[in-house]
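Per-chain residue numbering starts at 1, and chain names A, B, C and D are given in the order in which the chains are listed.
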Amino acid sequence: MKVGVIGASGFVGGELLRLLVTHPKVEISMVTSRQKAGEYVHRIHPSLKSFINLTFSDMNLDKLTDSCDIVFVSVPHGKSNQIVNDLFKRGVKIIDLSADFRLKNPQDYVKWYGWEHPYPDLLSKSVYGVPEFHREKIKGAQLVACPGCMAVTSLLALKPLIENDVLDTDHIIVDSKIGSSGAGGQAGSATHHAMRYGVIRPYKPAKHRHTGEIEQELNLLSNKKIHVSMTPHAVNMVRGILTTNHAFLKKNLSELEIWKLYRNIYGKEIFVRLIRDKNGIYKFPDPKFVIASNFCDVGFDLDEENNRIVAMSASDNLMKGAAGSAVQNLNVMAGFDEITGLRFTPVTPV
Amino acid sequence: MKVGVIGASGFVGGELLRLLVTHPKVEISMVTSRQKAGEYVHRIHPSLKSFINLTFSDMNLDKLTDSCDIVFVSVPHGKSNQIVNDLFKRGVKIIDLSADFRLKNPQDYVKWYGWEHPYPDLLSKSVYGVPEFHREKIKGAQLVACPGCMAVTSLLALKPLIENDVLDTDHIIVDSKIGSSGAGGQAGSATHHAMRYGVIRPYKPAKHRHTGEIEQELNLLSNKKIHVSMTPHAVNMVRGILTTNHAFLKKNLSELEIWKLYRNIYGKEIFVRLIRDKNGIYKFPDPKFVIASNFCDVGFDLDEENNRIVAMSASDNLMKGAAGSAVQNLNVMAGFDEITGLRFTPVTPV
Amino acid sequence: MKVGVIGASGFVGGELLRLLVTHPKVEISMVTSRQKAGEYVHRIHPSLKSFINLTFSDMNLDKLTDSCDIVFVSVPHGKSNQIVNDLFKRGVKIIDLSADFRLKNPQDYVKWYGWEHPYPDLLSKSVYGVPEFHREKIKGAQLVACPGCMAVTSLLALKPLIENDVLDTDHIIVDSKIGSSGAGGQAGSATHHAMRYGVIRPYKPAKHRHTGEIEQELNLLSNKKIHVSMTPHAVNMVRGILTTNHAFLKKNLSELEIWKLYRNIYGKEIFVRLIRDKNGIYKFPDPKFVIASNFCDVGFDLDEENNRIVAMSASDNLMKGAAGSAVQNLNVMAGFDEITGLRFTPVTPV
Amino acid sequence: MKVGVIGASGFVGGELLRLLVTHPKVEISMVTSRQKAGEYVHRIHPSLKSFINLTFSDMNLDKLTDSCDIVFVSVPHGKSNQIVNDLFKRGVKIIDLSADFRLKNPQDYVKWYGWEHPYPDLLSKSVYGVPEFHREKIKGAQLVACPGCMAVTSLLALKPLIENDVLDTDHIIVDSKIGSSGAGGQAGSATHHAMRYGVIRPYKPAKHRHTGEIEQELNLLSNKKIHVSMTPHAVNMVRGILTTNHAFLKKNLSELEIWKLYRNIYGKEIFVRLIRDKNGIYKFPDPKFVIASNFCDVGFDLDEENNRIVAMSASDNLMKGAAGSAVQNLNVMAGFDEITGLRFTPVTPV
């Protein structure tokens, strides 16, 4: 299968190329970058030296459509919708890594992103690209929107609890911690190593944009209006997310009963690992153990006195949180075995 | 004033010595360590070379009592109570850095620590060593118990909200992030650099011990039973705590109204800085900007849609979270200006 | 092909398992650990959860010999020689990851390790496991000794210079920098995250053991006695080595002439990448761009005024420096394509 | 004494302010920044909140000269010489933190910096600001040029060896490792946290500019032409330098004899600590133990077989490598006790 990548010079684009160059069923036809057109890919992504001999092209949608079966779009939020709309009309399949087609309700773009969506009709044709939520729809989709990196961790941790309606849905707290690659490669005072190193910086304690997609997907699961309170933090690592979902149970449930809810939902999912070790050192999910893989590790603990559940999930934000999900979606759309090109053991310690 | 330090070979003991060697009103008479007796202090704490020429002694309470006006006790939880009791009977003033005299209710030791307190009568004579809460009592105390490092950050962030009774006290979430020095110097698989580096490890998602002292102190402020749900995380840094306190407001309050509550409480406190910058890069508290100082930076953000407040506090766990609080308590007990020996600007970037 | 791993609970053992579980021509028959016998492998190496369902066994050489075509031995220096000798007599092929069979001259064990080698006759039967140096011998060997992690980086950088006799061989300085995984998983004060983080700690400025194998292999290349002065440093990362080899040229050589020497030697080597970018950001080898791969990136710069060459090499100490080399040796010994199971793109940024 | 700081918005300027706000004999009259004029200092340097209430001014040399006894100039190399010349003519004392007045020979600016020095006559009036080298001259100087951060570590380690003429001066290798604050605060792809984290990046393996000042000062000590080969590396920390100076002894000297050379030179220096512990964990200098202090820790090891000495030195690049040296020079120039305002214990662990 021939694929192209639009916007391949950033962190997510580079990670996508890392996956695609060793994917056994894929051939990369074209990679584009406005800023780096004409440069060899391996000058910008030195890791890829000896794996890819292409240069970045300027974006040319006709050429991309001609030479590719599927096109990945990896450009900033707000820049993607025009490109995707143009590609969509040409009939090519699209996997979008921006936020521009994640939300279904056009009003949500005004609320969370501050702009009116220019192609509201296209929103209903896009599928939210989490196979663990929408596998069947993804199979037949022309346009798939990969999820927000923190959103997908929260959603995977909360799904069994919401689907089984065991939570007080007015007091759900989503406290995320994420490495510096999650903010993209834009250089600035706040991302300079000396100033970013060693921080635990709450960067949007209220009203973070991922709240929108989390609420949308949980609402779909539950058929009611769910309120999620999200607070992300920048922490001192490059890759990795831990999302700590604090919630209150509507009724008493034992640990065993809750495990059953999780196992029922995720028993057959290859990229969701359920984590709990009562006596060992590694009792709960920790991004340390998923780096460079497509896993989302999920686990929980119970605070019986407060009837609180702490549902935790860990993933690599560039993998399950971005490029890994994109390739997983590719596999589903193309009918490949879902693990094709993604059978990476996490790299630990690193 | 002559002081002694019992248990000075660990991280907290080392930090305490760092402060005491440059404290203008203090002379260190004796430092003890069971494990390092006979060694020069600077062999164990190489930073202190040229500042201190003492060797560690074995603990001898008579000698300590004879040669010291105040004794700091910096030994592990559960090991301190016997020593403190023996010192107390000798009439010397004591600043204890363990948890052994923080809780007032003997039953709380069974609940949170799993052992019966051997000196329950002494608990009522101990003062919880947060001057911002109990300054007057500390002045006259013979025994002061320094607070838990995460507890004090949470307490300082929540005090204005609890004291003014604006919170729904059934849904308070305390999500803490702390560096590796907070766990003490005990070497093991989980603290090995290669395995500890890069983690975001939830290490006691429910029922963490600091919950006990937070609830105790908030109850005292509010005269009602408050439920706190605490989850600490080990993160990839050595020093520093950020505590994110998520809570729900009982009624609508504007940002300005809440700022007034904070200013009323902390306007004259030298070690609590109120942080908010609407437009800059540094909008909220971040341990990055308090390292090596005794500050606790406090700030908040409002999530009006969910009527949630996110109250954040940042400190250096070895300073305001341990040795800095101990010296602040010393200054209060001794009648020194409270900033004596603690006028450190934070070290940034580091 | 069936393989076993003796001593699989450490960092190197874990990395070896990471590679073997996805190696397409290998089946793991048995993994042993004295300390962890009976435990599931994924409790000790949580990353491997869902990839391996074995438990650690006690070491039983008869069973290993029966069930394995090749046995990897990954135990500490000085503990390996007895095991390897016993396996050797049983006729099984062995890939040893310790230092016990790297040196050819038994006296060198006294000099560098401080003990007499108990099986001096076996030293001549062992092949130093760097395919770029000894590929043909490895093909037919029963026993291969994987190189020291820093040694192999230095050797690969210096080979073209020594083989072409262009260096003053009395003033070769090898200044290495290595992450914390290189020291093994033994917990102690010096490896505790809080004390190991942020160091640049010279840990054996003179007489480091790897000097012995570097000199041995360079002597073989040059047929003269070469003096290497090595100084390793522990730096603040988990994986990765940069070795800076400072040397003086015997005669003037242009940059172009030296590049030819490197290209002649490494033009066909898949795991040695030659790095130089005159104008980009990434001009020289940097472990950042080889993490989790089996590459050793090599490059150099010239200091014409002092007739000095700085030859730099970067690798992942757990990969090309240990487990990756072991699998590369396996491929050579077994007649597999040398890249089998090792076609990993480096993980960047991480 | 009233002081001003020109260019106070960067890392070095911020560190200088950190020191000056608690210096007991200094009052800050004016701080300037072209980019940040009008902003409160604590918005740019949040650590300084509650220590300083000034705003940045535009640079006005008349006002500075009127209101200050000494002016610190902390602007980029090449930008300083004009400002310093203008200040010099006004008769005010100047402490320059750039490279613009470090070198004595105008030709060296062409060689190392690529530009002709516009005020060559002023070079002879400037004193190289290392009190351990030029204390007497600094006392009477109007213009002092603070040394390069890596240069001063190398110089302090080599001084006793050069002054006593024990080295082969044709084969001196200076291998430096430095944290990210050393490169200044300029944001870019190479300094982005995600790309700078985890590197060991050789950034100018040959011909680094600090070579010029090291050679200049060693030549002065020895009265002969010394060749230094320097290679700096960016490593994964914010503060700190370790410089490993590899050199060869002209004749056999015992460890004890060499210690005597060091003690004779540094026995009375308060900011140079001699480090060696035969049996402990902390045997050699390590920046870990000098962070936030003005110390340069110096030590060595001998490689008798190669007659090599490894002389190591560790400092905090923002302190002894920049702002700390500047304040030390201030103290010397003003006749204060040299430790005034610099009696900081290093902050460890951090």
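Quick note on the criterion: a contact is a pair of C-beta atoms (placed from the backbone, for glycine too) under 8 Å apart; a residue touches a chain by one contact, two chains touch by 3 or more.
Values in this document were obtained by computation on a predicted structure and should not be read as measured data.
Asks: Compute the centre of every chain as the mean of its C-alpha atoms, then state which one is farthest from the centre of chain C.
Replies: For chain C, the chain whose C-alpha mean is farthest off is B.
Asks: Which of the two pairs, A-D or A-C, is linked by more C-beta contacts?
Replies: By the number of C-beta pairs in contact, the winner is A-C.
Asks: Taking each chain's centre as the mean of its CA atoms, how far is chain A from chain D in angstrom?
Replies: From the centre of chain A to the centre of chain D is 45 Å.
Asks: Where the CA atoms of chain A average out and where those of chain C average out, how many Å apart are those spots?
Replies: 36
Asks: Would you pick out the residues of chain B that each touch at least 2 other chains?
Replies: 11, 181, 189, 194-195, 197-198, 237-238, 286, 291, 349-350
Asks: Chain A touches which residues of chain B in the complex?
Replies: Result: residues 171, 173, 175, 177, 189-190, 194-195, 197-203, 205-207, 227, 229, 231, 233, 235-237, 240-242, 244, 246, 248, 281, 284-288, 291, 300-306, 308, 310, 312, 314, 349-350 of chain B touch chain A.
Asks: Could you please specify the touching residues of chain C with respect to chain A in the complex?
Replies: Chain C residues touching chain A: 11, 14, 18, 21-22, 43, 45-51, 181, 238-239, 270, 273, 275, 277, 280, 282, 286, 289-293, 295, 343-350.
Asks: Hey, which residues of chain A end up touching chain D in the complex?
Replies: For chain A paired with chain D, touching residues are 11, 179-181, 185, 187-189, 191-198, 237-238.
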